[in-house]
Amino acid sequence: MKKPWDGRFEKDTNELVEQFSESVSFDKRLYKHDIRAGVAHAEMLARCGLISESELVQIREGLRDIEKEIESGELELQVPLEDVHMNVEAALIARIGDAGRKLHTARSRNDQVACDLRLWCRDAIRDCTALLTNVQRALVEKAEEHRELIAPGFTHLQHAQPVLLAHALLAYVEMLERDRQRLADCLVRVNVSPLGACALAGTSLPTDPQSTARELGFDACFANSMDAVSDRDFAVELAFDLCLIAMHLSRLAEEWLIWSTPEFDFVDLDESFCTGSSIMPQKKNADVLELLRGKCGRLYGDLMALLTALKGLPLAYNRDMQEDKEPLFNAADTVQACLSVAAELVRTTAFKEENLTRACSEGHMDATALAEYLVGRGVPFREAHEAVGRAVRAAAADGAGLAELSLEQMREFSELIAEDVYRALGAQNCVENYRSHGSSSPAEVGRQLDYWKERLPR
Amino acid sequence: MKKPWDGRFEKDTNELVEQFSESVSFDKRLYKHDIRAGVAHAEMLARCGLISESELVQIREGLRDIEKEIESGELELQVPLEDVHMNVEAALIARIGDAGRKLHTARSRNDQVACDLRLWCRDAIRDCTALLTNVQRALVEKAEEHRELIAPGFTHLQHAQPVLLAHALLAYVEMLERDRQRLADCLVRVNVSPLGACALAGTSLPTDPQSTARELGFDACFANSMDAVSDRDFAVELAFDLCLIAMHLSRLAEEWLIWSTPEFDFVDLDESFCTGSSIMPQKKNADVLELLRGKCGRLYGDLMALLTALKGLPLAYNRDMQEDKEPLFNAADTVQACLSVAAELVRTTAFKEENLTRACSEGHMDATALAEYLVGRGVPFREAHEAVGRAVRAAAADGAGLAELSLEQMREFSELIAEDVYRALGAQNCVENYRSHGSSSPAEVGRQLDYWKERLPR
Amino acid sequence: MKKPWDGRFEKDTNELVEQFSESVSFDKRLYKHDIRAGVAHAEMLARCGLISESELVQIREGLRDIEKEIESGELELQVPLEDVHMNVEAALIARIGDAGRKLHTARSRNDQVACDLRLWCRDAIRDCTALLTNVQRALVEKAEEHRELIAPGFTHLQHAQPVLLAHALLAYVEMLERDRQRLADCLVRVNVSPLGACALAGTSLPTDPQSTARELGFDACFANSMDAVSDRDFAVELAFDLCLIAMHLSRLAEEWLIWSTPEFDFVDLDESFCTGSSIMPQKKNADVLELLRGKCGRLYGDLMALLTALKGLPLAYNRDMQEDKEPLFNAADTVQACLSVAAELVRTTAFKEENLTRACSEGHMDATALAEYLVGRGVPFREAHEAVGRAVRAAAADGAGLAELSLEQMREFSELIAEDVYRALGAQNCVENYRSHGSSSPAEVGRQLDYWKERLPR
Amino acid sequence: MKKPWDGRFEKDTNELVEQFSESVSFDKRLYKHDIRAGVAHAEMLARCGLISESELVQIREGLRDIEKEIESGELELQVPLEDVHMNVEAALIARIGDAGRKLHTARSRNDQVACDLRLWCRDAIRDCTALLTNVQRALVEKAEEHRELIAPGFTHLQHAQPVLLAHALLAYVEMLERDRQRLADCLVRVNVSPLGACALAGTSLPTDPQSTARELGFDACFANSMDAVSDRDFAVELAFDLCLIAMHLSRLAEEWLIWSTPEFDFVDLDESFCTGSSIMPQKKNADVLELLRGKCGRLYGDLMALLTALKGLPLAYNRDMQEDKEPLFNAADTVQACLSVAAELVRTTAFKEENLTRACSEGHMDATALAEYLVGRGVPFREAHEAVGRAVRAAAADGAGLAELSLEQMREFSELIAEDVYRALGAQNCVENYRSHGSSSPAEVGRQLDYWKERLPR
């Protein structure tokens, strides 16, 4: 098949090389972006007098037809034409002839591919952001549903202090909010037009890259053409932001996997989100959670692939950069699938109130409250901590909770303990007594809930 | 050695475990941050009536003395006390007794370590930002110095089109500018106080975390205490931002390494930045460039270490998080060293004008200009491209440049070529004819230079 | 669609979950392995009396028909059946009824998928090994072709000492030989049958996993059923071995990219292995080399994906392990494509003898030889090194080579230098004077060449 | 400070560069290896007549004195001398003069550092292997201790089938055994001498690298000098092998962390292996397990650092390779610490028999046994699986175990069920009925235990 550079070459491309270096099998998904940018480029060429109005009309209509034909499958992109860009251009020339041969004026694949990829990233950021919001909403709804339910709060996977379940759910909302912010920050660097940088040096033809940037909805136009064609920071940054989303989902998944064991039995996953076993008839497995956790690896791998490929690349464009697309596409597709399924998973998961409540009586989770009680009576915290430590040891030896100790027993550890100590003990009292900003107190958690309900309207 | 939790435990910590789990050998560098946060915490406790004014005075003075003694080496931190936090607290108690025992009121190591690390990250971001600016300045100065020098512009490591050397240098300034922006974005997420979240749930004591946040110069206070103690996103994000800096430096290093080979001989590194060989007497090696390139691996590794450690951690604090510090410290130290040396390297490196100029006559870099010349005469670009391709093939066969072809020879490829074609050919003409926004034209590069000189004042 | 576990579940699988958790879109490529293992399993069941001979015949024929139909595209695998395993089993039951329902006796998907994947890895190792040998052969042929050509040997990308080009090419043969050894070592751990471990605990039915192992050509049978179903070490190890192959190719690619610049001009890549530019008519780009270098990132990413997914997985099988296949397939496909193209690239690349020879006179590469000359005259090496250092400085100041200094000039640096010094200087003399084991001397390189020609017969 | 290449250079090394490029701060730990290799090299020089016997004596004694002085701290290595190699050589020259100046004859830092690092890797492999064996022994002892204890076997973190606890513990022994094998395979590639390759090309002096290889206990001598100095595959391979050890430990750690929650309460970690909380008086945290899990990240990071640094390095030695040591040292130190602490942890951990036994009655873990019972009566497995699935659903609705269903109830699901079904149900029966190779049957587990007790003698 004819290549654009046939004038220069005597030999045809080796077939193995064609297969090895083609990108159309994966960059074809950029066809809408390529055509959109092609139309904008043609409009600029017309504005600058580099093509005529009638040529513009031909190009615009040609490209739109091609878009429809690719969409419908009528036009099949071909490997010997390497990539989506050359496929679209070749189809255009086949259709409209000389006007088509003018489209690549003051344009190189170097700035073209960067432009298409940036447009694609912009869409991906928008989609991920919406999906993040949807998971946040699901978490907020679930928190609202269990507004008063107390759960054991864990540190080191050991019972630490009682918390409101809603508080724990909102912690994930915070994580995902940072993910949304990072994507927004990334968008500022993504949304810069490289179109018009040409191969690397710009052009001697009268062009107006800033107008193309505006037409394509970019917030800015490149400042330095060499940088414009060799920059893939935006792609790596997006891949990193997606990694953190996947990491956050892996944390939720791990927690809920543990909570769905028969030993914990805190959550009941909907059957429609579980699978069975091919051999063990009784199994109900939380495969979705395991995949949410496991797919984190894929994201980390995609990031590492991109970072490695860019290491040590001299200016300006190098073909190694073609390796940017597959990891990035994979990362975005995976995160979008994870977020979609996570939202429904959260919505369909039931919390087992009774079991959570029962668990709250295990593990002397009111020990810190007792120490704070002593602090309220003037005992230095370190001393209070030690006294309560001894009390816990004694209670544990009896298999008792702190609230089950008699006042007399209590007073062995500190004479300052009085009858009102029982209003400090037990999970319910603990939670009700919390009062600090951002704490697990009903008021503070309620305030957070209200904030998110307003921030994340349906 | 006595542990704070001795009340609860019967046995001493196994010695192997003490060695395995200690962090003081590396977190001791947080001592200033720990003490600063300790003072702010004590002031809050006093404001809230949890300690007296005189206790505050004792604590404040005690902590400041401890700071001085650690600085001077008088006070040695001890491994059995695990970390910098417990070392400082133990030293304080040893000094001032009961007032010291009150400092840990409404504070946990969980929020304390997060607070210290965030303060440290804030400093690291500030330092890296200043060092980035310094490298940018060095590049701008070097660009200014060679304002009119033309160099071969490369794509695929092949001669592409002539560019101004200043243009290439400013491309790196753009990269580093994005690095600065990313750090600024990261700072917004770093600069949030976790202090007051306590272990994970807040406290029943009357505290005011928002005032501590203000005192410590944080822009915001945590919203959710469970998130506050289990969030390390800020650390990973910083590590990632540092990765991209290292990646950018690896690109510059690679380019200049190639440029400093005897075959290229474009740059002359100052002897004071080179080393010799233990066996080959003639060697002058650009070790600094190689290390700038190689240290990229270390950064990628640090990022991967952090990402991996955080995968699948349930709420809230888990000891795995202790693994955040060493990679982060290593990443920041490495990048700071790289930036420091890079700035001086840029400043002391000489460009060999004659060799760059000679290289510009190689590789038919004016072919695109010739195609654009034809476009200017109405030839569709694709047709022009092919005609010029044939011209290049013919010239190459003769070992000639395009400008060395006679007009007659030229016109074999297109009849539209006229005498004025020679004003389009040759590197000097090419550069002078560039006119597009952000291109390598003297005017555009001059504009960029002026912009950076103003943006990056000495 | 009916699932095997429908007896246990009341609800159907959520459609989003079906899409999210399916693996058939990528594990379908295991169909031959699945069917081969299925036949071997059925034969064992028959031998052990768990199915009848006629049932075995039905199963065997059924599976073979299914294999053909999948191959021809007649049978399309379906996403609601999750994976290749359930697709094959369902197709078998649809065809032969009850006999098909017996195939999964004493088998779980857990041991089945591990078995299929190990069979696949075995094939991949065999294929990669053959492709490695092919690249080695191409390098040996190229070395043989240029048996006496001298090239500059580089360290730190600076001229170091002259070497035979064949010597440099054989260095890559050594790298690839280690890759072959690593694959062979990996095969020992890959080629262990997990079939018969069932879900995790084995079975109460009378089975004979060791005979299945033999039938399938495994070298050993699993020792511990819990380990057998939860082990993916073999997959990660293979991915790692593939990483090192990719890393080696990236080294060759980088070197040849530099050698194919107009400044070096040491190699001439065949046009059929190059591509042109969409905008710059003169370009001849070594895209294949750039992709060989860049694809290294993909391999590192695949490894990291696998390592991350396995971190912290408790016994025994977890669904996260499904994430093993895509990175592994991608890694093997990529490396195989790289090796295929690399072999042809090596074969079609020409070395430019004149340029290599000319380059040998640059950079005082005979300085070490001069130092060794002095050592031969009794000068301690460190002293010799310093004297020659001064000689180089003097020669460099004159723009001269060492051999161009007069004997008088030479003797300024050491009085021990005599007329015979000129037999030590110059690239040709250097190479001829090498005599140590494994060195770049014609004899030693010849010996290496002969070794490889014998070891790697066509 | 005087550098060996001062003859060639006019300027001193920039101080920033000295700090940036020094390696002595971390490669000083190679001093014993450097000195050992130095002595062997000197002996070879003497054998080959390149130094006299008396010079050899001086060198040997000088080096041994230096070794002692470094060991005692008397001799402090200095940063301006860059690395351990130049420090040792400079100290030798300071001591013995001209004989010392001869030591570097026919040796370069390129082959020297590769040699030292290989010797170090050999030691690290030996140490790690011994530590692995020790952990294996601890696991075998623990398995022996609980030879008959039945535990729930998990897949997907759900109850799957009952297993012997010993079986689960031996699964980790299998993992670690593969780690030992991988290290042994790696050793073959590590234990090859590069000494004598000199800078990259060998030497014109009469040397005998093969004898040095023998003296230093290497199994082989390098074949190609260019490969010998530029190969770091052995270092990356070792780092990878260490990654898999860390990954295995992370799996054990995760499992035991979950098992040590109050909800599971299967294991009781010794207090001496736990730590408390600075704020919560009741906490007993399994920090050691968390660190074993978290340190996995560090290992993955070290591997990635090495892989990245080596990507795209042309022949032969490049300074980037200096970046090999810190990640490798960190990886080996970390894994050795992890293995040391893991062995003691295993030995001191108690399993709570009662809780494990009680857990075995949860989750219908005998469902597969019931299906196999039906298979024994001629029911096709798929049909049996479905029937049991329905039985499980019915039993679960009643909150009952399968063995608690009456025969009548049972026969609703299959008429083939008879009175003897109760000998198939319940964890104890399940385990006793296992009979397949490698299964969790007492006989098979006993056989495995005996095997390991013999293979891993105290």
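Some observations on this one:
Each chain carries a letter (A, B, C and D) given by its place in the written order, and its residues are counted from 1.
Operating definition for what follows: contacts are C-beta pairs under 8 Å (C-beta built on N, C-alpha and C of every residue); 3 or more make two chains touch, one makes a residue touch a chain.
Predicted model, so just to flag it, every value in this text is computed and none were measured.
A count of contacting C-beta pairs for A-D and for C-D identifies C-D as the more extensively joined pair. Separating the CA-averaged centres of chain C and chain D is a span of 23 Å. Once the centre of each chain is set as its mean CA position, chain A and chain D turn out to be 33 Å apart.
Within chain C, the positions touching two or more other chains are listed as 4-5, 7-10, 104, 110, 155-157, 160-161, 198-199, 258, 276-285, 287, 290, 293, 296-297, 300, 303-304, 307-308, 310-312, 318-319, 368, 385-386, 388-389, 392. Taken as a contact graph, with one node per protein chain and an edge wherever two chains touch, the assembly is complete, since every chain touches every other chain. Put simply, chain A touches chain B in their complex at residues 4-10, 50, 89, 93, 98-106, 110, 153-157, 160-163, 167-168, 170-171, 173-175, 178, 181-182, 185, 188-189, 196-210, 221-231, 233, 236-237, 240, 243-244, 247, 250-251, 253-255, 258, 293, 296-297, 300, 303-304, 307-308, 310-319, 368-369, 372, 375-376, 380-383, 385-390, 392-393, 424, 430, 433-441, 444, 448, 451. Interface residues of chain D facing chain B in the complex, by the touch rule stated above, are 3-5, 7-14, 16-17, 19-21, 82, 85-86, 104, 107-110, 198-199, 270-285, 287-288, 290-291, 293-298, 300-310, 318-323, 326-327, 337-338, 340-341, 344, 348.
On the chain A side of its complex with chain D, the touching residues are 155-161, 257-258, 260-264, 276-287, 290, 304, 307-308, 311-312, 359, 362-365, 367-368, 370-371, 385-386, 388-389, 391-392, 396.
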